[in-house]
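Both complexes below contain chain A, partnered by chain B and then by chain C.
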Partner chain A sequence: MSKSIVKWLDNIIADVEGVGYQRKSDRRIRMDVASDTLPTLLELLRGRASYVHLSAITCVDWIEDDEFELVYHLWSYENNTLVSAHTRVPRSPGVYLSVYDIYHPAAFFERDIHEMFGLYFEGSPDMERFILTEWDGPPPMRKDFDAEGWVQRKFNFQDYHPEWLKQLEDEGGGVAIRPEEVRAKKRADKP
Partner chain B sequence: MTENTDIPVMLERDGDPKRTNPLAHVFDELVRFCRSRSLFMLHYCTGCGAIELPPAMTSRFDMERLGIQPMVTPRQADILLVTGYVSVKTLKRIILTYEQMSSPKYVVGICSCTVNGGMYWQSYATAKKLDEYLPVDLYIAGCMPRPEAVIEGMKKLMADIKSGKASNWQDYYRNYDYYLGNQQHLFGDNWQTPTDVVGEARNYALAGPGTTGEHTALLEQYQRPLEPITSHFRIGETVEPGDEQGDG
Partner chain C sequence: MRPENYQAKNHPPSNEYELNFGPNHPGIEGNYALQLKLHGDQIVHARADGGYLHRGFEKLMEGRLWIQNIALVPRICVPDPAPMELCYSLAIEEIGGLEVPERAQWIRVMQLELSRISAHLFTFGGHAATTGMYSNMYWGVADRDIILDLFEELTGGRVYSIYNIPGGVRRDLPEGYLERVSNTMDYIESRLPDYDNLFFTNQVFVNRAKGAGVMDQEQALDWGVTGPNLRATGLAFDVRRDDPYLVYDQLEFDIPTEAAGDAWARTLVRRRELIESIRIVRQVVKALPDIGGPIRCPIPNPLAWTVPAGEAYARVESSKGETCYYVVSDGGDMPYRVHVRGPSSMHAVQVLENLVKGCRIEDVAQIMFSLDACPPEVDR
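Up next, the complex of A and B:
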């Protein structure tokens, strides 16, 4: 059974037009498809080729191409191979189809991607806030999000107090062996 | 259910709060000494610093010989240990925990992350200065501090309690408006906790000019009255074979 599926994938799927098929190694296959054929491919892999486990959906923001790349990682327990199905969707308007009807765990991954990248999945059961419940800014994992600027605007930082260290040293604490001394000693010990 | 009116509540402090007993200060000193020798700590393990606490508490370094013990509930704890980075979502829970603790209470921030954000200084999700949101008595810096450093810090805290210097919990009541303002800056204007801090401050006679202000006014504006939680129990009920639907 398992061998025939691999052969079928290698020989038949690889020849289908519109599917970029690459065998990366014995247990890894990469497929590149257009965004409108991806649900069909997933349905085929799940229904006909034993890829029943969706381990993750990852999202990559390719800001120069103005596209999001979605990677669906599928695992088969029968022939122990991982299929990574890659697809690309435009960044705007940022709407894509949910695969919740094919794989139920997709609901969590899609909700997470919606929160972190702002990509909306049509047909997903819940697109509410997930982890960042207090978040009021733009989606933080987008490449155009300036995390450092956000932090500088939103939070205050502690001032530097050199007198604290002095107070520690007066009490007999502080740095016992200075790093430059350690380095000098190492240099001296070298033959 | 117990009616709310059945619970005796002391609304007003009767009599003069000024103390007349000449031995009051001696007694205070004794109380502070005893307090510093029996500390129960609630370690809110938010980050990696928590990993240094088991060796500090167990036989290798044995913090219990100093009278410090872990406690399981905030209502019986004296010290709130915040070990490591504090994300904005976690900070809400820390504030809820802190307000449940009974006074006097002390907050200890362990690791660099509580001081200044640490290695997560440019993360959008973590709060940087813990002392903006809670009155921190002591910071133990380090990434992570070794158990020796934790014990050294605890000894400092004990000395501060004994000398009466560790009184930052009063600062939370005196300057509640400042702390609440910073909390509202992160959580939004409708942020509220079930604890009536202003009422507690008045009860402890700690209310000052900084207790109320524009932020507490905002709190009152959004405050919803607390509702009793209703629980439903199904005891001795038999489910008919016909209607086995729902949560069965």
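Up next, the complex of A and C:
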């Protein structure tokens, strides 16, 4: 990648206030941007810097900061560089803007994030459930979602007590240590 | 959707009717469904319905050690598992600053290309079956099996090799292995004229596939299409060349493209990629005996292994398109977050929904196979 493109990019992002810019390697650029300027940045990157391919939108749940981190991975077929634009939005009320009008692939990723993290995107064309159609629990990819605890409460397979097991227990055998109880205890002991 | 939750809707009188295509349908690829709206035999509306293969990999990975996840990731894409392992390993190597020995990189390239050939043979088989030509499917599965034999010898696993680990590969090549790889490549190449006669130049296939599921380059870029499907619209882009990883920048290969953007063009691009992959494997077979050294860099006790805090986005060109892993570490012994971006998350949802609109019911299966959509990648 030539130096002129680097300069060109620098000029473009100078138009947007408060963009943290970090070159991680030849073809990887990290940008940190406030959540209200992110759509502007994406529009500039698409319209003026040829970043036409939205590779993915990732959501990371930073529960200690009470924030979701959204990462927009953009690829330019002309510059052959990948820009990862990072932004943070508060976990509650969990609403953010859709970038569907800039990048159409965003529809799938935003739908997925809404389903898995409960972050709603205003303006996204389709926020219906896709994978967890009949899910009635909390958004499962959040860090405070205890998968095994939920399974134990939701399904009553711990009551599974067939005849053969009863016979074994009558003879003094059976399950001595229940693995799910051990794991539950481990989770409870964790600071 | 569970059958007991299905409720028939009352529509105003019209000539349209609904059809649930899948998840148990011989014409659909994997456990996946399409809710179609038909007018006669023409599709007026399509809606993808996934989730039948959801196993929560991303969540599971957050509760397992870095090294344990190696056994988990190949299961995300069954026909082409090697890029999944590799992509996860590449991301960890970038965060942890691990230097992969050169020999391991060449072995990885060989495994990736063998995996690509086997995945393409499988897809041709499926595609041919949707147009009523089952012989090609039998042949494709049989020839894929010969490559699986090579995987079994090298890694111990036929489908899920669990061979790439962060820092290198698990085992060195057995004695005489490269010769057997070379023989297999000769065999696959000798089979290609037969495949041409049976399938690629077969008028049944050509007439059915030409003009089915057409998209132009602008639409493809707009919908986030990658891989062979993008190359079938005329854009010569390949992650292996334009964002090189491993030793792909030292290898010679061409990027086949087609202009038509229909099912026929997409299949033809894959057919020509087979030759390029065979070319790459031959270069690796030639180069590997001169590259000595270790096959992995030392990593600490894997059961107490912590990766420094950081994040990385690794990209790999799999047989389906651009496969990416975004891995975040908080310095612990497990990943903080792993996001899997499978190419089929675009191809099987919005691209498929758009492409089948307006086509006839018998072309739906064909279009899905020509996109090489892999439902496990969508559900993850």
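Note that the second predicted complex is superposed on the first by the 144 of 191 C-alpha atoms of A that agree within 3 Å, B and C clash if a C-alpha of one lies under 4 Å from a C-alpha of the other, contacts with A are read in each partner's own complex, and residues count from 1 in each chain.
Simple rule for what comes next: a residue touches a chain if its C-beta (ideal position, glycine included) is under 8 Å from a C-beta of that chain, and two chains touch if they have at least 3 such contacts.
Just so it is clear, the structure is predicted and the values come from calculations on it, not from any experiment.
Engineer: Spot which of chain B and chain C makes contact with more residues of chain A, would you?
Structural biologist: The partner with more contacted residues on chain A is C.
Engineer: First (chain B), second (chain C), both or neither: which does A:Thr133 touch?
Structural biologist: A:Thr133: touches chain B and chain C.
Engineer: Taking the superposition as given, does A:Leu54 touch the first partner, chain B, the second, chain C, both, or neither?
Structural biologist: A:Leu54 sits against chain C, while chain B stays out of touch.
Engineer: For A:Asn156 in the superposed arrangement: first (chain B), second (chain C), both or neither?
Structural biologist: Once the two structures are laid over each other on A, A:Asn156 reaches chain B alone.
Engineer: Answer with first, second, both or neither: which of chain B and chain C does A:Ala147 touch in the superposed model?
Structural biologist: A:Ala147 sits against chain B and chain C alike.
Engineer: Show me the chain A residues, by the header's touch rule, that chain B contacts in one structure and chain C contacts in the other.
Structural biologist: 131-134, 140, 147.
Engineer: Spell out the part of chain A that touches chain B in their complex, as residue ranges.
Structural biologist: By the definition above, chain A touches chain B via 131-134, 136-137, 140, 145, 147-148, 150-151, 154-158, 173.
Engineer: Enumerate the contact residues on chain C facing chain A in the complex.
Structural biologist: 1-2, 5, 48-51, 54, 56, 58-59, 63, 221-224, 226, 235, 237, 242-243, 311, 313, 315, 322, 324, 326, 328, 336-337, 339, 341, 345-346, 349-350, 379
Engineer: Give every residue of chain A touching chain C within the complex, in rising order.
Structural biologist: 27-28, 52-56, 58-61, 71, 73, 75, 77, 80, 82, 84, 103-105, 107-109, 112, 116, 130-134, 140-141, 147
Engineer: State the interface residues of chain B toward chain A in the complex, per the touch definition above.
Structural biologist: Chain B reaches chain A through residues 88-89, 92, 115-117, 121-125, 127-129, 132, 152, 186-188.
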